[in-house]
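Report on the following structure.
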Amino acid sequence: MPGIAYLGPEGTFTEAALRAIEAQGLIPPAETLDPSPLTPIPTESTVAALAAVRAADADYAVVPIENSIDGSVSPTLDSLAADAPLQIFAELTLEVSFTIAVRPATAAGDVRTVAAFPVAAAQVKHWLAARLPKTELVPANSNAAAAKDVAAGQADAAVTTALAAQRYGLQALAGDVVDEANARTRFVLVGAPARPPKRTGADRTSVVLRLDNAPGALVAAMTELAIRDIDLTRIESRPTRTELGTYMFFLDFVGHIDDDSVAEALRALHRRCADVRYLGSWPTGEVAGAVPPPMDEATAWLDGLREGHP
Amino acid sequence: MPGIAYLGPEGTFTEAALRAIEAQGLIPPAETLDPSPLTPIPTESTVAALAAVRAADADYAVVPIENSIDGSVSPTLDSLAADAPLQIFAELTLEVSFTIAVRPATAAGDVRTVAAFPVAAAQVKHWLAARLPKTELVPANSNAAAAKDVAAGQADAAVTTALAAQRYGLQALAGDVVDEANARTRFVLVGAPARPPKRTGADRTSVVLRLDNAPGALVAAMTELAIRDIDLTRIESRPTRTELGTYMFFLDFVGHIDDDSVAEALRALHRRCADVRYLGSWPTGEVAGAVPPPMDEATAWLDGLREGHP
Amino acid sequence: MPGIAYLGPEGTFTEAALRAIEAQGLIPPAETLDPSPLTPIPTESTVAALAAVRAADADYAVVPIENSIDGSVSPTLDSLAADAPLQIFAELTLEVSFTIAVRPATAAGDVRTVAAFPVAAAQVKHWLAARLPKTELVPANSNAAAAKDVAAGQADAAVTTALAAQRYGLQALAGDVVDEANARTRFVLVGAPARPPKRTGADRTSVVLRLDNAPGALVAAMTELAIRDIDLTRIESRPTRTELGTYMFFLDFVGHIDDDSVAEALRALHRRCADVRYLGSWPTGEVAGAVPPPMDEATAWLDGLREGHP
Amino acid sequence: MPGIAYLGPEGTFTEAALRAIEAQGLIPPAETLDPSPLTPIPTESTVAALAAVRAADADYAVVPIENSIDGSVSPTLDSLAADAPLQIFAELTLEVSFTIAVRPATAAGDVRTVAAFPVAAAQVKHWLAARLPKTELVPANSNAAAAKDVAAGQADAAVTTALAAQRYGLQALAGDVVDEANARTRFVLVGAPARPPKRTGADRTSVVLRLDNAPGALVAAMTELAIRDIDLTRIESRPTRTELGTYMFFLDFVGHIDDDSVAEALRALHRRCADVRYLGSWPTGEVAGAVPPPMDEATAWLDGLREGHP
């Protein structure tokens, strides 16, 4: 039975992303003819979700890759760059906001302790200071665990998700809570390498570059994109984990491997870099930047020259 | 009385970095003639340490900026990029390793619960699985807090620092514990803008760029460094926090504002970018890469041309 | 009957180049099955030779394009860039040296006047000053015409070619005369646009670019070659003849339109430039510089990605 | 007595340019206090005029450097690049058109032979074919010599200048004759190296580059200009005369050595190139392209950083 791993427990934002990816039909058809729906498989970490795909214990994983407040999700990037190759097939962006949940009949004035995953705590810090001052923060292992801790009486209120609050029988003291507007997380659907989804004209391609440690190596690689008018939408450096000061680079750009100019650029990067890991080309729904320039007219011109018809 | 803020409580790695920075004489002399030593001021967060400098509650702050495993320390970067300008005056790199500490007379076999700051827990995960299996992780608010929690009987063992273990009267079950070799953290000494420390020939300069959202803007900015043979040692993108997909860029490179080629490059970046925030030039002890090319001979040639002596 | 135009009259260096091109089998087979040899057609100028091809009065023309002393031959370049497209199919380089020819029985001491094409006169100026001082230069319309003028008694000695001296019944006072060693002229075989000669691995490709008049337009175009490690062997600017200070650019580089990286670069130039005129790809015998990097391995990698086999 | 060499004989376009340069006050004041006017010194060639300056036989030379029809004047460029350094101090552009001159009382119908300097003959070829068909061309050594030849009865009509026609007592059969409109020649005033004329805001700077024979060397040098938004107005390659296929490059750009960005670029070229020969910075009257970007604001910013005032 095909499965799809995600950062659990049930009720996390990641599960919500998984539900949305499935609902939007973004999961490529399995190679088998098995018509049964994908079974969600909660894992204890993002890295574990990806490991499940590598071990063929899951067909896909849904993992967060970028947050508008905190930036890249390092464990996701590091796992994508290491070990056996994986590939991204879809993405989905969720608005991030929290539910402050309590056991039934608890009033705001009764709250002395607040359970929160530290990352979530940081995102509602100002709200808590204003609305629940003089409470003590109790660390929880996830947003869902915070709800569970409150249900178990280990804290009075939880910074959690709407879904988790509901599952653990809690009531919302407040909803849509977040200090900073526009907080969003982008999730990706990851599987074993396969043919990329078809080009839609609104696609994203992602690669990981390892470069020789020479001045100008990165700018030379980036110039391979810039000179082809390919719109670099994200660049992230991550330590190689072997030497402080040596990095690998994650580059996202607009376009699909089946766009001529993207294909050219990939080939050029492969030639220039110590290593290029292709992380996939997939649809973004809306175009994420400037689309790659079409090459049809230039290709026709070139073909004409070869036939002696300038 | 001059003070120097750091991420507390006492016993953190940051305090150890502060002590080392002071011991190596890397703190610029205060403008006042006050001869008294700087008073360490523990704060609850990195951001709070920097805020203390901005509020003139501290002369300096010591904050972590980069880790060989996790990469950049986002709150440090974001705080340096926002609000009133700050400047970096020194850096110090510490090997990261932990002490597993228990109350006196506790044996390994007695440990059921382990208090750990989540980041630290991640860095000793394999060690714990091998040496303290079947124990439960209890989140703590810092490495020092983990020691305090154990002293208070809230957990059996702490993943902590040697210094904190000592301060809280704990004993080391193991020292120099870390899953991954070469784990190091780089700390920086931050103060209000002032004249940079003198050029030593082994210096680092850091800037934050905000770019117009045009394809090629980043590569054009980086070319300003590459064409001058300035060695870019780090590039980090961080979300601008206003729009998912828009970034600011942190660039570190070898050299000092008083190196001619670095001065040229800064001027060029200022001209080219929507905004450049200078984060300082400071000594690195060892050279961190290729030094900027000297311009003396070329400058002499240029001066000769102006005088009619080619 | 197929014909091949050249700068006449008989006996010029250009005729010698034509003979060598034919002897080396560098003339592409005519589309017709006419097995008869090509008839040399002398013309009064390089431009007239090219015009004969455009008018279909000749199948090919042989014209000088570059001289190691004087640089590019402007009328050849200008004619290739204007009017109906032409294409280069072969090249041949000749050492340039002159014969000083006199009527039989004339001694060096008898020479009072020397007939010379002005370009040739410039190339033997020092020789004449040393060996035939106190003689007067008489302008001639070509190297061959100088020999004819001497045969007609209009001057005592001719700066001419070995072949022309022979044809006009003159004797060599001196041979292999040239002031500057290494003087060589490169000639090209030009015809109507057709399929380029097959790639040999030692080929040259030539284009004419017209650029929008924007700072950086030329360097951007040249970067399309440089970034692909295509070796630019020549760049020549020529005025557009409409406005002083506006130029078109002739670029020669190593490689063939059937080299993947050259094809990419041509396509990129077509996309980037106001106009690109392709002047052909043809064999050079010896490689004229660094060969374009092979793309086979990178192409195989790209094809693998598309099939899901990284 | 100070002198100024030019391509003679009297009556050439170059003499006309010399007169105009003097009239416009473009000649820098001599270092001596000698108040006497400069004496024109006719020479037999452009190269001889420059040699006179090198030998201190003349203070300055006026030589043609570029023609809108034929492009660069190679002997001028080659002489500027070789031997002892010279420097350009001014420029002047003349419209090129010819006078067709005859002896008094000669009618168009009487003309059988036309004396012409070959370069001039090429520029009035269509006019001659239309108005004086069936005439024979007789080569002359200069435009002025053509007039002299007609005065001496060696030909019936001369392609010459208005000034030469007048001096040799000829009458104009036609004036302002030229096949192609917009034919213009740019002349430069050349002297021994000295302080450049003061920056006017509408200046030109010129250099000769010799590059290591490496792919990308030229584009790298040109990028030093492009990245500083310096407008390259001309690039010319000339063979080095030692090896076919090796070149030196003449670059003209808008701006003055006292423009900060031009100074930076010169320094960078000096650092990057095997050799840079500075040919001067001088006023152009009208701006010849995009002016170099001002650096004052960026310099002030940089100075502020050095003082601790961001």
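Order of writing sets the labels: A, B, C and D. Residues in every chain begin at 1.
The rule we apply is simple: contacts are C-beta pairs under 8 Å (C-beta built on N, C-alpha and C of every residue); 3 or more make two chains touch, one makes a residue touch a chain.
Since we're looking at a predicted model, the values are computed, not measured.
Novice: Hey, how far apart are chain A and chain D in touch steps, shortest way?
Specialist: Steps on the shortest route: 2.
Novice: Fitting on CA atoms only, what is the rotation between the copies chain C and chain D? Please report it in degrees, nearest 5.
Specialist: Rounded to 5 degrees, the superposing rotation is 180 degrees.
Novice: Would you kindly say which chain has the C-alpha centre located farthest from the C-alpha centre of chain C?
Specialist: Chain centre farthest from chain C's centre: B.
Novice: Call it same or different for chain A and chain C: same when shared residue numbers make up over half of all numbers used at their interface.
Specialist: Same residues, largely: of all residue numbers at this interface, over half are found in both copies.
Novice: From the mean C-alpha coordinate of chain A to that of chain B, what's the distance rounded to whole Å?
Specialist: Those two chain centres are 27 Å apart.
Novice: Counting only Cα atoms for the centres, state how far chain B is from chain D in Å.
Specialist: About 59 Å separates the centre of chain B from that of chain D.
Novice: Provide the list of chain D residues touching at least two other chains, using ranges where the numbers run on.
Specialist: 220, 223
Novice: Under the stated touch criterion, can you name all the chain pairs that qualify?
Specialist: So the chains that touch one another pair up as A-B, A-C, B-D, C-D.
Novice: Could you please specify the touching residues of chain C with respect to chain A in the complex?
Specialist: 85, 87, 193-196, 220, 223-224, 227-228, 257-258, 263-264, 266-268, 270-271, 277-278, 293, 295, 297-299, 301-302, 305-310
Novice: Using the touch definition up top, name the residues of chain C that touch chain D in the complex.
Specialist: That would be residues 66-71, 74, 93, 118, 137, 139-141, 180, 182, 184, 186, 215-216, 218-220, 222-223, 225-226, 229-239, 241-245, 247, 249, 288-290 of chain C.
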